[in-house]
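What follows is a set of structures for review.
Here come two complexes built around subunit A, the first alongside subunit B, the second alongside subunit C.
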Partner chain A sequence: MSPAATAPSGIPGHPALSPMLQRLAAERATGALMRDRGTLYLAEGQVVHAESPATPGIDILLTTGGTLRSEGWWDAVAQAGAGQRVGRYLVDSGRVPGGALELCHLGALYDAAFFALAPTHTPARFRYGVSHWIGPVRPVPVDAVQRETLRRRELLDRIWPDALTDSAPLVRAAHPLDAPVPPRQRRVLDLVDGARTATDIARELGRSAFHILVDLRRLAAAGMVATVRPAAAGPASAPGRIELPEVTADPDVALLRRLRDALEAL
Partner chain B sequence: MPGIDECLLEVMRLPGARGAAVVDWTSGLALGTIGESPNGDHEATAAETAEVARMAAEQPVFAGDAAVAGPGTRTPGAVPPHPPGLPGLAVEDVIITTAPGYHILRFVETSFDSSVFLHLWLDRAEGNLALARMRLGDIAERLVLA
Partner chain C sequence: MANTEASLKEAMTSIEGTLGVALVDYTSGMALGTLGGGKEFNLEVAAAGNTDVVRAKLRTMEHLGIKDEIEDILITLGAQYHLIRLLKTRGSNGLFLYLVLDSGRANLAMARHQLRKIEAELEV
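And then the complex of A and B:
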C-alpha cells in the first residue's frame, strides 16, 4: 500500500517514466515488461496489451455490462487462447463488434498502463518473446502511453491533489448532500462504505479504475468523500502535501465545507 | 465490421470535414484521430473537448427526468433510485459554432461502461451541419454495432 500512497508526490517535470521501456521501444522488442503494479506487453516495440491488478481486465469490462456473457468469454479463451487470437475470435465469431472491442481494449490498455507505470522502487523485468493471448487488437506507440500516463497524473492532481484517495479505503462525508451528483459519480459514491478502495469499486461496477479515480477525486474535492487515514500515522505530514491554490474549479463551497469539517473534528 | 479507423475515415468523407477524433470524456484520452485539429495537437484538443462533453453529459438540466440525483435528495443515507445497469444517454450531441467552423461532439453508446464521443471539426463554408449531424449519429451507432 505504501508505494501507491507516497509515490505521486513527484510534481511536474517528471523524468522518463521508465528508461527500460524507452530502450525496449527503441530496439523494437517483443515481450512482457513486468513491473511492481502491472505488466505491459510489447510487440515490435509497440504496446499491444497491459494488465494491472488495480484495474478490471477486459473480460470483466465486457461481461459486467452484458456485452458478452461469461460463457462467451471462456469459449473464446478456449477456442483461441492457445493461438493467442482471443480478440480476433471475439470479433470474427460475432460476439463483440470490432469497434466495441477496440474501444474497450484501448481503454483497458491505457488504464492498466497508468497503474503499471506508477513509480516504484522494485526493479522491472522483461521477458523477451512472451506475448499475450488476447492477440493483436490495436497497438499503440510507447511514447503515446507514457505521455498519456503523465497527463493522467497531472489531471488527477489538478482535480484534487491527494493521491491517497486512489488507494486508501474511503468514507462518505457525514453531512447531507447539498449539490447534485452526476449519475456516474453517484454510482461510485453509493459504493463508498469506509472499507472499499477505488480498485474495489471499479471491480464492483465493471468500470475502468482510472475513471473511478477521476470520479473519486472530484467527490473528494467537493467534500463528499474522504480517505480513511491510518490513525497511527502522524497527521503532521498530511497538510504539507495539500496545495490549495491548485484547486481551481469553484473551490469556495468545497473549501468552506472542508474547513468546517476540519474545525468540527478538532 | 468497422473499427475506429474505418469510422474516422467515413467521418472524413463528409463534405467540409477538417478533422475528427474518438475521445474518452472521463480521461480526455484520444482513442483515435484523423485529419487536422484546430490547435495542431490532437491530444490537447481531445482533453479540451472532453471537458466540454463531460459538462454537457453531467449537467442535471440536460439529463431528463429520472436520471439524476438532484438536490431534492438531501436526506443523508437516502439512496435515490437510479436504474441499475447502464442507463441510456441523456445527451446525444453538443454543437459548437465558431466563425470558421462547427464542432460536433456525438456521444457513443456502448454496451459496456464507457464515456466515449466522436468529435468532428467541420468547415463552416463547405460543411452541411444538418447532414453532418445525422451522419455522425449513424457512424457513432455503427462504431459499436456488428
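And then the complex of A and C:
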C-alpha cells in the first residue's frame, strides 16, 4: 500500500464519505461497518462485501439472471455457509463460472456500498472480527469504493437532479412523449405502477438497484415517469381531475437554478 | 472459466499493440477491471466516457428501428485504435470490453478475433 494508507487524507477535492471508514482502512481493520442504510464488511482494511436493504443481494442477482438456479444457491449456502466460503464453493462445484461470480459480486458490492454510504445522521457502528459468509471473492480498496460512490452520485444528478425518484413510489406520466424507449428501460417502465419504488423494481428484475436508479432518472428526465408526491397521492388519481404537469405545480428550484446558470454561462 | 483479471491479462499479452484494456458496466459507467493505461491514459475516465458512446449508438438504433445487436465499435485516432466489444451476457448486466491499441503495431482483424475468443472464455 502507499504511504497514504497510514495517513488517510480522503479523496483529494472531496470530503470523505465516512471518516470512520477511512480510519478503519488505515488501521487495516476486519469487521462489519453498520450504517443507517447498509453494512460494509472489511477484511484487513479492504472492502470484501456490502449489503443494503435497498439493493437486491447477490443471491437475487445470480438466480434471476439465470446464472444459477435457486436450489443451487441454497445448496451452496447449506454446504459452505458455516465455513464462510459460499463464493468459493459455487465456483469449485462448477455451478458458477469464476468470472461471472466476480462480476456479480462486484456489482452487488458497489451497489450496496452506494446506499450504505449515503449521507445520514445516525452514527455508524463497527463490530470488529465479523466476517460475511460469502467468503473471499475479490477485495476492493476503500478509496475505490468511496470514489465510485461519489462518481455515481454525480452521474445521477447529471441525468436528473431529483433524488426523490430514487426512493418514492413512481407513476407513469399521463401524457408521455412518443419517443422510443430502449428495451432495458422499457422493462423498468413496465413495472412502474404507482406503488413500486426503485428498490422494488430492482428486486423484481434481479438487476442492481443503481442501474434501476439510472434508468428511472433517465425516464424522469424524458418525462415518462414522475414520483408520487405525498400531497398529490389522493386527489390526483381521482377521475375527472385535470392533471397538470408536475413542474408547474411544484417548480424544481434546483433544476431552474441549473438552467439559469447554464444559460448565463453561454 | 477465466476470472476477470486473467481475461484482461490475456487481452494485454495476446493482442499485439494493446496499451490498455477495461471491462466496463455500461449502465453505471464503472470499470469492473482495468489493466494497462497509466498516468497519461486514465482507463476509468475512458470507461465512464465511452458508456455514452455505446448508449448513443444503442439509442440511435432504437430510433431507426434497427432490430440488431452491436458486436463492436471501432474508433480510429491518429495513433490509436479504440475498440469496444459488447459482451453477450447470460445475466442482464450490460458489459463491454474496451481496448486501446497502438495503431502502428496493431492488427485490427487479429485484435477483433482475439477479443471474441477472450469474450467466450470469460463466460459472464
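Some notes on this structure:
Assume the second predicted complex is superposed on the first by the 215 of 266 C-alpha atoms of A that agree within 3 Å, B and C clash if a C-alpha of one lies under 4 Å from a C-alpha of the other, contacts with A are read in each partner's own complex, and residues count from 1 in each chain.
Criterion: a residue touches a chain if its C-beta (ideal position, glycine included) is under 8 Å from a C-beta of that chain, and two chains touch if they have at least 3 such contacts.
Since we're looking at a predicted model, the values are computed, not measured.
When the two structures are aligned on the shared chain, A:206 is found in touch with subunit B and with subunit C. In the overlay built on the shared chain, the residue A:59 is in contact with neither subunit B nor subunit C. In the overlay built on the shared chain, the residue A:261 is in contact with neither subunit B nor subunit C.
Contact with subunit B, but none with subunit C, is seen for A:178 once the two complexes are overlaid on the shared chain. Of the two partner chains, subunit B is the only one touched by A:190; subunit C is not. Counting contacts by the rule stated earlier, residues 61-62, 64-67, 97-100, 102-104, 106-107, 110, 148, 151-152, 155, 180-182, 184, 205-208, 210-211, 214-215 of subunit A appear in both its interface with subunit B and its interface with subunit C.
For subunit A in complex with subunit C, the touching residues are 61-62, 64-67, 97-100, 102-104, 106-107, 110, 148, 151-152, 155, 180-182, 184, 205-208, 210-211, 214-215. Across the interface of their complex, subunit A is touched by residues 1-4, 7, 23, 25, 27-30, 32, 48, 58-59, 62-63, 65, 90-95, 122-124 of subunit C. Subunit A makes touch with subunit B in their complex at residues 61-62, 64-67, 91, 94, 97-100, 102-104, 106-107, 110, 138, 147-148, 151-152, 155, 174-187, 190, 205-208, 210-211, 214-215.
By the touch criterion given at the top, residues 1-4, 6-7, 22, 24, 26-29, 31, 43, 47, 57-58, 60, 63, 67-71, 73-76, 79-80, 82, 85-87, 108, 110-116, 142-146 of subunit B touch subunit A in their complex.
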